[in-house]
Structure formats: structure tokens, C-alpha cells
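Shared between the two complexes below is subunit A, which has subunit B as its partner in the first and subunit C in the second.
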Partner chain A sequence: MSEKIFAEYKDRLPNKILEDLKNHLPPKISAANLKEIFRLVDGEYQQAQVDPGESVGLVGAESIGEPGTQMTLNTFHFAGVAEMNVTTGLPRIIEILDGRKIPNTPMMEIYLKAPFSMGKDIKQIAQRIKETKLMEVISEFVINIAESTMEVRLNSEKMKALQLTVGQVIKVIDKNTKNCSVKKDKEEILLKMRGKHDTLNEIYKLKEKIKILYIRGIKGIQQVLPVKKENEFVIITAGTNLNEVFQLDFVDTARTISNNIHEIEEVLGVEAARQAIINEVYKVIENQGLNVDVRHIMLVADLMSKTGTVRGITRYGIVSGKSSVLARASFETPIKHVIEASLVGETDQLTSVVENVMLNQPVPVGTGLPGLVTRVKK
Partner chain B sequence: MIIAKRDYMKKKIHITKHDLLPKHVKISEKEKKAILKKYQVTLKEMPKIMKADAALQGMKAEVGDMIKITRKSPTAGEAVYYRVVTDA
Partner chain C sequence: MSDVYLNGKYVGITENPKDFIDRMINERRKNKAYLNLNFQHSEAEDEVRIESSKGRTRRPLIVVKDGKSLLTDKHLEQLEKKEISWSDLVGQGIIEYLDAAEEENTLVAFFEGQLGPEHTHLEITPLSMVSMCTSLVPYGNHNQSTRLNAGSKNQKQALGFYASNFYVRMDMDVNLLHSPQIPIVRSVMHDISHYEQHPAGQNIVVAIMSYEGYNMEDAVVLNKASVERGFGRSTYFRPAIAEELRYSGGLIDEISIPDKEVKGYKSEHDYRFLEEDGIIFAEAKVAEGDVIIGKTSPPRFLSSLDEYNLVSNVRRESSVGLRHGERGIVDFVLITENSEGNKLVQVRIRDGRIPEIGDKFTSRHGQKGVVGLIVPSEDMPFTASGIAPDLIFSPHGIPSRMTISHLIELVAGKVGALSGRFIDGTTFHSEKEADIRKDLESFGFIENGTETMYNGITGEKFEAKIFVGNMYYLKLKHMVANKLHSRARGPVQLLTRQPTEGRAKEGGLRLGEMEKDTFVAHGASLLLKERFDSDKTTVPVSEQSGMIAIKDEFKKRSFCPIFGDNADISNIEISYAFKLLLDELKSLCLYPKLVLENKY
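And now, the complex of A and B:
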């Protein structure tokens, strides 16, 4: 009997409420009582829903905006144990909602698979992820002016830690330099310029060039920091590269995240980006000890991801997609929009709120939304 | 074991399971019609998803198809959302 009633309300009530009901009902309940409970719950639920025509955007804007005034304006602060600067507070929220391509402080949280998450080889893993430039394994440069040659002495300890051989380093240098010969000389590398003209100048240029050659790790990751989080080790990085990190076999691809929304969109799709926007904004608000309902943030995230790509709330983003000239002009750079619209002879259907406010007409919100149509007698 | 080769790094990876990623399912024409009727909208008015979207890889979704997305929601437990595949 009770199943039948449950089934009846399956489409009317969300799953969560149905489950809560199921868990809280007394084991023995008469059908009539159950029916009455459902009637009341359903009534409450329908009452709690937003009415058609409610200006949810405005309510959302105020609900995020007011606590926003209380947020710290500091761009940087030290985020607890992690010895890294992280953008938080208002600047971070602005950054997310503007849909910036690259965040001010790109970061990743890399979760690891079973044996490694308990701390096995954690140092090597961190080292493996960090982008290593040649500079870091070089102990010194010796430049011979008379013969215009350069000796590169390598730091053998660091080489060992990175599991690098001299041969591999020579290969990298050889691949990325022109007109110079690269030779191995015991544990050193000997570089000799070919050609005669101005070789000394060239050799200094070469020195700067090979310093920044890429040798190991994942491009774009400048810093790594293994941190113990609850019961497992997590690697926090400065700099992001989700695509390459996901290809490492010791990385838990289900939980590893980046704070770059556009990167998430590229690797995981818009839906994941939408969820990331919600999580990131909510994280900031929560960190500041403020209280904003998630629904407001969900609305913003839905709007930003509506077109299939993440677009920021800027005049180049979602505002540019508005159909009304006056609505676009009311946001930023009004003269530009008005001139462009007049050049192509754009028409404004006056279907939205802003343009009707401008023209002193009832806005299509709440009771202003429905129109009345009467059939005239012939 | 840990320091592996770099050759495979260039390719793009296709992740199917991630905490951020909700379930995407392509729905049939019949269901599509029912959805449009239920919400009284046209395809053009629906939220979009790119054909090249990472979540649609390996799904053979064509432009005009409707994708049912089952999100985990903190407010409703589970929320269903629909997007129409587009290529621009």
C-alpha cells in the first residue's frame, strides 16, 4: 500500500524528500495517515518553490552582493599549512565570475592512488610532477674565453634524485641548440661554438638559453607541496596542467582538481566546469565565515554555462548575448552599443526588464509577466 | 616506475569518472519530444552543450540530440538537467 502512495508522488517530490520521508516514517502506519502526511509534505514543497515570474536573478545578486561587502579585500593570504599564496576573498570571486582564462594563482590538488596516498615514495612523486629546468641540476658554468668553449658542471646529487644521466642531459641540450657541438667530458658537458664571428657574445646567449631548458616533470607546474590531509597525502601545486597530470598512473583521476575553471571545462566538459564554479565560489564564501545559500550560486553557474562554454559575467561574456540593445547599453560602454545598434538598424523588442525600466513601463516580473488576451465579440 | 617516459603526454585524456562530472546520457527522440512538450520550449531555447565537449566523447552525439544530465545536488539530492548538443 505505502509503495503505491510513494509511486504516486514520485514525479511531484524530489528524491531527497522521498528518502527522508521513508527513513522517518514509523514502521506501522495506516494508509490514511500516510496519505495525509504526503498531502501535507507536498503542500509544503509546492509552497516552498519559487513562483513563476519571481526575479531570482535580482534576489541572487543581492544575496551574494551584500555578504561580498564584508569580505576581505586582501588578494593574498597564507592558506593554513600550505606555504603558498592563494587568491581568496572578493578578488577570487570576481575572477571566477568574470570567467578569466587563467586565475591569479593557478593551483591543483592532486590526489594519489592507494599505496602512494599513504606516503609511499611521496618525495619522488612530487619531484616527478614538478617541472624541472636544466638550471636546477647545474652546479656551475665555466666559460673559457680564449677558446670560446663552455663547461657545464652538473650536480650529481640532484641528478641522482631525478634519475637523470649525463647522456640524457646532453641529448636535451643538443636538440635545442644550433651551431654548437655538445660533448661529454667525464661528468661534465663541454660546449663548443661553431663559426668564428662574435663567439663570446653567442656563448653568453647560449648559457642563458640552456639554463631554462625543460628536462623533467609536467610543464606549467612551478611548485609542489605534499600535504597530509586527514588520512592521506595530497600534493598541492602552484601552476596547473590537468591533462598531463591525469595521464600519470599514480594519480587518482576521480578527485584531482584544478582551480582553473577553463581548464576543467576543456578536460572534463561544461557540466564539470559548472560544478567547479559552484564549489570554488562556495569555498571562498564559506572561508570568510559568510552564509549564502548555494541556490544563488547555482543560478549564476547555470547562467555562465548555458551556452555550452563558460562565459563570464562581463560585457564580452553573457551580457553580449542579450538580445536587447538597451539592456546591453545599460551594463557597460553604453555609447558603443547604441552607435553599433544604430549603424545596423537594430530593433529592440522590449521583452526584458532593464529596457522597460528605462522606458518607464511595467517590467515583465511577477504580476507584470502575464499578459491578458480577450476575445472580442464580432 | 615513477619516472616514466614522456611520449604519451601529448595526447588528450578522456576521463569518464570524476567527482565534478555528472552522468550524461543521450535520450531518444521520443523522450526529447516529451521534454520539449513538458517545459513548453523549443530546442533553440534549451541550454546547450558543445559537440566537442569532453563529457560527450565516445557517445556519438549529433547536433540536435538532447543530453540528460543527472547532477548531484546539495538541495534536491539528485537533479535532472537537459542540454541540447550544438556545434557553435
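And now, the complex of A and C:
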């Protein structure tokens, strides 16, 4: 009996509501009661729907914009050794909605698989993710001007922490340098220039080059910070590289996220990017203790990702896609839009709000939307 | 070894910065180094900074040596006998001026009793920390600095007895408070600044309670009887000025009753107050639009050829009248000449101002508020002894602002009024609150200043005891009479045909971008259109060319600028601003073509 009623409403109500009903209804419910419940639920659901002609975009803009005026410009600081802070508040929202390629503070939250998520080898794992440059394990350079050689002294403690051997370092240096021989001299590395001309200058150049050599970790991750989050260890990073982090076998790829929307779009696709926009904007609003309905943000995210790529709400992004010349001209850089429109002879169909306000015509939303249809006598 | 900088420029080094600075300061105190030098040793940067530049704020402090103030009783005695002066003390190194930098290296004691061996200076008085205006706030040391700031700012806007020769002055836009009083609760600054010669407020009875909701959001409720007895009455003076300007070609303005032929002649009625000389007489009761000084100017754009042309040789009307919404009585007429020898007429207009709803009042503690209601005396709450307060202040103004001084002044004022003496409320030196409470008790009142009060409307006793006492209240210069403004129809701008902006031009109130959005959000499309109808026009459009057609008012027909009479013309209703936009596009050599379609 109940299956029949469920089937009846299958197309009228979304799956989520049907499932909730299934889980919460008492098992022994009379058919009459069930019918009444469904009637009420359906009534509520239909009531909640947006009416035709409702200006959802503007209501959304006001709903996000008004609390936005109360937002503080604070950045969030992580306590601890690592010097990390995250842009939040209004600047972060602007950054997301503008669709910037790289956020001001790129950040990742890396979740780990079972044994590691409980804290096993957490420090080593964090070190493996962090991008290490050669400079970090060097304690000093000694340059011998007479013989034009350079000694590189390594910091053995740091080497141990990173599980590096001198041999590995030599390999990296050898691979990335020309015109010089690399030799191991006890715990030091001896570099000798092969050429004869202007060797001193070259040595200094070499020194600078060696300093920034990449030896370990994932490129782009400048800082790592293991944090305990609800009985589980999570690694927070400054700098992002979603693609390479996903390659690591100890990473829980299902939950690991980056705050770089464009990176998510590249790695996980536009649907994930849309969800990321919603999550990131909502996170900021929630952090500020404000209350905005998600559906407003969802609408913005839909609009930003509807073409299949993420576009910001700027004159280069979404606004450039508006069909009306007058609407585009009234946003930013009016002269550019008017001239370009005149070059191709564009026609403005006057179908949206701004144009009609300019012409002092009823705007096609709300009461201005419906029109009378009559058969014209011929 | 530290670097030495003079006015930010590097000048050398010193082996021992502490000794160096001590020596220099000693020289200064002996009047051997310039008195305007200041020295600072910054230990963090290990730098010695010497400043002699202009624009530093410096303040005087008494020098302390070995825990003893250098200013002795003997000096005070000599000062009183006027044997020595302030500059002598500065010259002798007893008082020195420090700038903000040098102050960093000092330890300043508040009072002489607190002096210890570690102190280097002593405040002359802690009152010197605050400005002259701020020290007029009684019990200021009980307040937050922001409130103190607000309190002193408010006092600058108060109406008072601003100059004793006000009657012969021609000030622009001034106010004069009637029967001003000196405050009961005062500070030494009132004496120093001779406040009794230019008082700016009145002592009134204030009750802190709510009254029918008319004093919410910082509003105050006034007693009508108090207003009728003269509380907060003031006079507003504004001069009207006219000058006989000279123009090239020997032409000159003329102050006289304008001829009826003059271009822009108003009406005989408007000129009715003018005497033969074209100037109004004193004590004339004038209202909006009335002419005060009649004046005509020579025609504009007069070239030598036009001199014989009768048509253009008409003078222009350029009289000075009363502005929109103004009224008053002509107070004083002055006829003189300016520095160039031109005739100059100044007429002062006076307008009596009785407190009304919307006028702004404040205590001296940044507790400003606007009159929300004026209540007949019989409806005001009253105490057991029959006293009805002059003003009711809302208790909600207190907790978030934490103006404790406001509360103390109320009690202190009550004691002062009962005992017939002034109360010293000088910041940091005031009479003790506890003593004042004790005094109040001795007069048979509850020591915390509350009293049993009765509802003036019903006569019922209020359950709560009401905090009531005397305070010094100021009337601020922001009065509704100068700000009230409304418009239904009125002047429009020439270019856009949209309403003018601002009260002076009888302008409209703008329905802005965000207000527009709210209409759209409600879907009130047609209401929005109506709100933006202020510049709507009907223009003829040629269906063939899409251009705005030319309307020939004489022949009563329209024709297309391209196809002439061969075009179908339709009249459409658009905003004038959009027509202007189309014109501007045309001036850019763009062709904005309107494609018309039947709406129905």
C-alpha cells in the first residue's frame, strides 16, 4: 500500500524528501494517515517553490550583499610554529566570486588513510608533502677563490629529519649543473668549476642556483601543519597542488580539498568546482556568524559554472555574456561596449531589468512579466 | 655607541647616549640650549633623536628631582603676588615642555602625593591631559574617552551668548540662546574661561525614565510648561546681502524697487515691503518669497552694437528675497559701501525659535538627542513634592554608552540646587560622589538620587523609583526649521529634466540604485516605473529610420530627419534621460536605431 503512495509522489517530490519520509515514518502506519502526511508534505513543498517572475538573482544578491556589509576584514591566523594565515571575510568572497585564477592564500586540507590518519608517522608524512629546497639543508657555503672551488656544508640534523643522504644531494646537484664537477668530501660536497674564464663570477651564480634546487616533496607546497581534527590527523598546507597530492598512496582522495577553485575545476571537473564555490563562500559566511540561505550561493555558483568553465562575476566573465548592450554598458566600461556594439550593429531586445529601467518601461519581473495574449483579428 | 639624528637627519654618533641626553636636557633647563629642543633615546634602535622641527605637540610638565617637585610653595606665593610669571618658571627649568618622543623616556606622576624616587616629572594638573573644551565636561574622569570626545564636540555646537556685541554684528547664520545660565555642576575651566560671560545652556530638571515610547532611540521628551517658561528658546539671525556691482561698459546694478518692465519681474505683492530706496524697513514680518532688497542688473551679453537695440536693452531683476521655507522679522538694516566703493546693503533677519519636535538637545556627556514629544505639564510625571521634570531622558541611553558622568552630574546638580551652591566637578579633582550622596540624604532624599514618582496621565504611582535631578542642558544648532524639507512637484534640471537635488533648490529625494533593487526584488514592476516617471517624455519616432522625429509645433506635425514627410511617425513614452543618451550616441557618430513594436 505504502509503495503505491510513494510511487504516486515519485515525480512530485525530490528523492531526499522521499527518503527522509521513508526513514522517519513509523512502520505500522495506516494508509489514511500516510496519505494525509503525503498531502501535507506535498503542500509544503509546492509552497516553498519559487513563483514565476520572482527575481531570484536580485534577491540573492541582496541576501549576500547586505550581510556582506557587516563582514570584518580579518584574516585567520593559525597558532603554532608555522606562520600561516588565511584570507577570510569579504576579500575571500570577492576573490571567489571574481573567479581569480590563484587565491590570495592557497591552502589544502589533506585527509589521510587509516593508519596515518590516527597519527602514524604524521611528521614524516608532512615533511614528505612539503616542498624542500636544497638551501634548507645547507648550513654554509665556503668559497675558495684561489682554486675556484666551493664547499657546500650540509646540516646533518636536517638531513636526518628528511631522511636524505649526501649521495642523493650530490645527484640532484650533478643533474642540474653544468661546467662543474661534484665530489663527495666526507660530509661535505666539493664543487669545482671546469671552465677557466671568469670562474669566480660563475661560482657565485652557481651558489644562487644551487640554493633553490628542488630536492624533495610536492612542488608548490610551502608550509605543512598537521592538525588534529575530531579524532583524526589532517595536514593543512600553504600552497596547493591537488594533482600530485592525489598521487600519494596515503592520501584519502575522497575528502582532500584545495581552496583553489580553478585547480579543482582542472583536476575534478566543473561540477566539483561549483560545489567548491558553494562550500567556500558558505564557509566564510558561517565563520563570520552570519546567516545566508545556501540557495542564494548555489544560484551564484550555478551561474558561474553554467558554461562548463568557471567564470567570475566581472566584466570579463559573466557580465560579458549578457545579451543586452545597455545592460553591459551600465555595468563597467560603457564606452567600450557601446562602440563594439555599434561596430557589429547589435540589437538590444530589452529583455532584462536594467535596460527597461533606463527606458522607463516596466521591468519584466514580478507584475511586469505576464502579458495578455489575444488573437489579433485580421 | 649610538647614532644621533637631528630632525630625522643623521648627524653623528655618541659614545654614551644616556649621559649625552642628560647633559643636553640639563643645558636646556638652565636655558643654555634652545627651549624648543626635545631629546629622545630609543633603546630598541639604540638611537638618539633630537627634534626642533615645527608642528610637534608639546605639553608642559613640572620637573621632578630626587622625588621632589621643583615647583615649591615659594614659587606659588610669588606667582600669586605676580612677582614671577609662567615664562620665568619655564626659563628656570622648573616647568618644561615635552613632545611625544621625549615623553617616552619619562615617568610622570599624577599628583604630588604619588611622587617617588623613580619619577621624572609631575603633572601640573591631570586636567592638562584634556583640551579646554573637554575639561568643561564635569566628572569627565568617570567616562570612556570616546564619550568625552563626543561631549566636548557637542558643546561646540551649543547655542549660547556668543558675543556681547551681537546686536551690532552682521554674522552669517548665528544663533543666540535666550536667558542662558551658568552650570550648577562646573569645573575650574568654567572659571578660567570666564564661562559666566558666555554661558551656553540652562539648568533643568531631568528624569531618567521612558515616556509612552516617545523618547526611544535617544529622543527626549520636553515639558510644554518649561518651553513656555523659556527653556531652549533662541533667535536665529541671517543676513541678506546685496551689492551694486559694476560691469564693463560703465554699467551698474541698481538697488531700487524694480520697474514693471524689468525682465523677471515678480509681482507687486512680493515687493510690498520695499521703501522708496528699494530696501525693506525694519520690523517687517517677512515670509518665503518676499523681496528684502530690490535690485536690477544690466542685461547680459551686451555688446556695443546692441546698445541701440531697444529689445535687448531691458534690465534684469536680481532682487534678494527670502529663500524657500524661510520666515522671520527684519531686524537691522545697514547701508554702507564696500572696499571698492560700491553701495552695499546688508539686512539682518531674525527668527525666534521655540523648541519644537525635532530640535536637538544634549547634556555635556555626549548624550545628544532629538525632541520626540512636547508634553503638557499636567501629563508629565511628577514627584511627591509636585515637581514635574523639564525633560525626560531614556534609560536605554546609559548601559551601552557607559556615561557615568551623566549620572553623577544629575545627582550633583540636585544637591547643588537644593543647597544653593555650585558643585565642583572638575575632572580628577571633583567633589567625591560619596559626599554628594551624603549631602543629598541630609536634605531628606534617597541618597542614590531616586524618588517616588506618579504617572501624570493616570495619577498612579510608578512601581519603580525614578532617577531624577538637575542637569545642565545645551540646545544644539541643528534645528528642524533649518532642515525640514519636502517636495511633490518642483524644479527640474535643464539638461536631464530630472528633479533638482538638495533642500536649497527644493530638490527631490533620490530613489537610488539600491532602492530601485528593492522594488525589483518585490516584483513591483509598475510601481517602479511610476517612481521613475519624473522625467518621462513623449517623443515622436520615425518607424522607417528609427530616429527621433522632429516636431513642428507651428504646423502641428512631425517629420523624420532622414525620410522627411514620407515616414510613419509614432509617439512613444520614454525617460528623457534615455533620449539624452540617444543624442549623446549620435554625437559620437553612432546611429542608435529604435525598432518599434506594438506592445499589445
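Observations on the structure shown:
In this text, the second predicted complex is superposed on the first by the 347 of 378 C-alpha atoms of A that agree within 3 Å, B and C clash if a C-alpha of one lies under 4 Å from a C-alpha of the other, contacts with A are read in each partner's own complex, and residues count from 1 in each chain.
Throughout what follows, a contact is a pair of C-beta atoms (placed from the backbone, for glycine too) under 8 Å apart; a residue touches a chain by one contact, two chains touch by 3 or more.
The shown structure was predicted, so the numbers you read here are calculated from the model rather than taken from an experiment.
After superposition onto subunit A, partners subunit B and subunit C are found to sit side by side with no clash. Applying the stated contact rule after C-alpha superposition, one finds that A:E54 touches subunit C and leaves subunit B untouched. Using the contact criterion defined above for the overlaid structures, shared-chain residue A:L369 touches subunit C, although it does not reach subunit B. Seen from the CA centre of subunit A, the centres of subunit B and subunit C span an angle of about 130°, rounded to a multiple of 10. After superposition on the shared chain, subunit A has more residues touched by B, the comparison being subunit B against subunit C. In the superposition on chain A, contact is made by A:V270 with subunit B only, not with subunit C.
Of the two partner chains, subunit C is the only one touched by A:S342; subunit B is not.
By the touch criterion stated above, A:M358 is placed in contact with subunit C alone, subunit B being left untouched.
In the superposition on chain A, contact is made by A:R216 with subunit B only, not with subunit C.
Of the two partner chains placed by the overlay, only subunit B lies in contact with A:L162; subunit C stays clear of it. With chain A used as the common frame, the shortest Cα distance separating subunit B from subunit C works out to 22 Å. By the touch criterion stated above, subunit B contacts subunit A in their complex at residues 2-4, 8-9, 11-13, 15, 17-22, 24, 47-50, 53-56, 69, 71, 73-79, 83, 86. Residues of subunit A that touch subunit C in their complex: 53-55, 58-59, 61-62, 338-339, 342, 347, 353, 357-369, 372, 374. If you check the complex, the residues on subunit C that touch subunit A are 516-518, 520-526, 528-529, 532-533, 535-536, 573-575, 577-578, 581, 585, 588, 590-591, 595, 600.
Contact residues of subunit A toward subunit B in the complex are 14-17, 19, 121, 124-125, 128, 162-163, 216, 218, 243-244, 246-250, 253-255, 257, 264-272, 275-276, 279, 294-295, 298, 302, 305-309.
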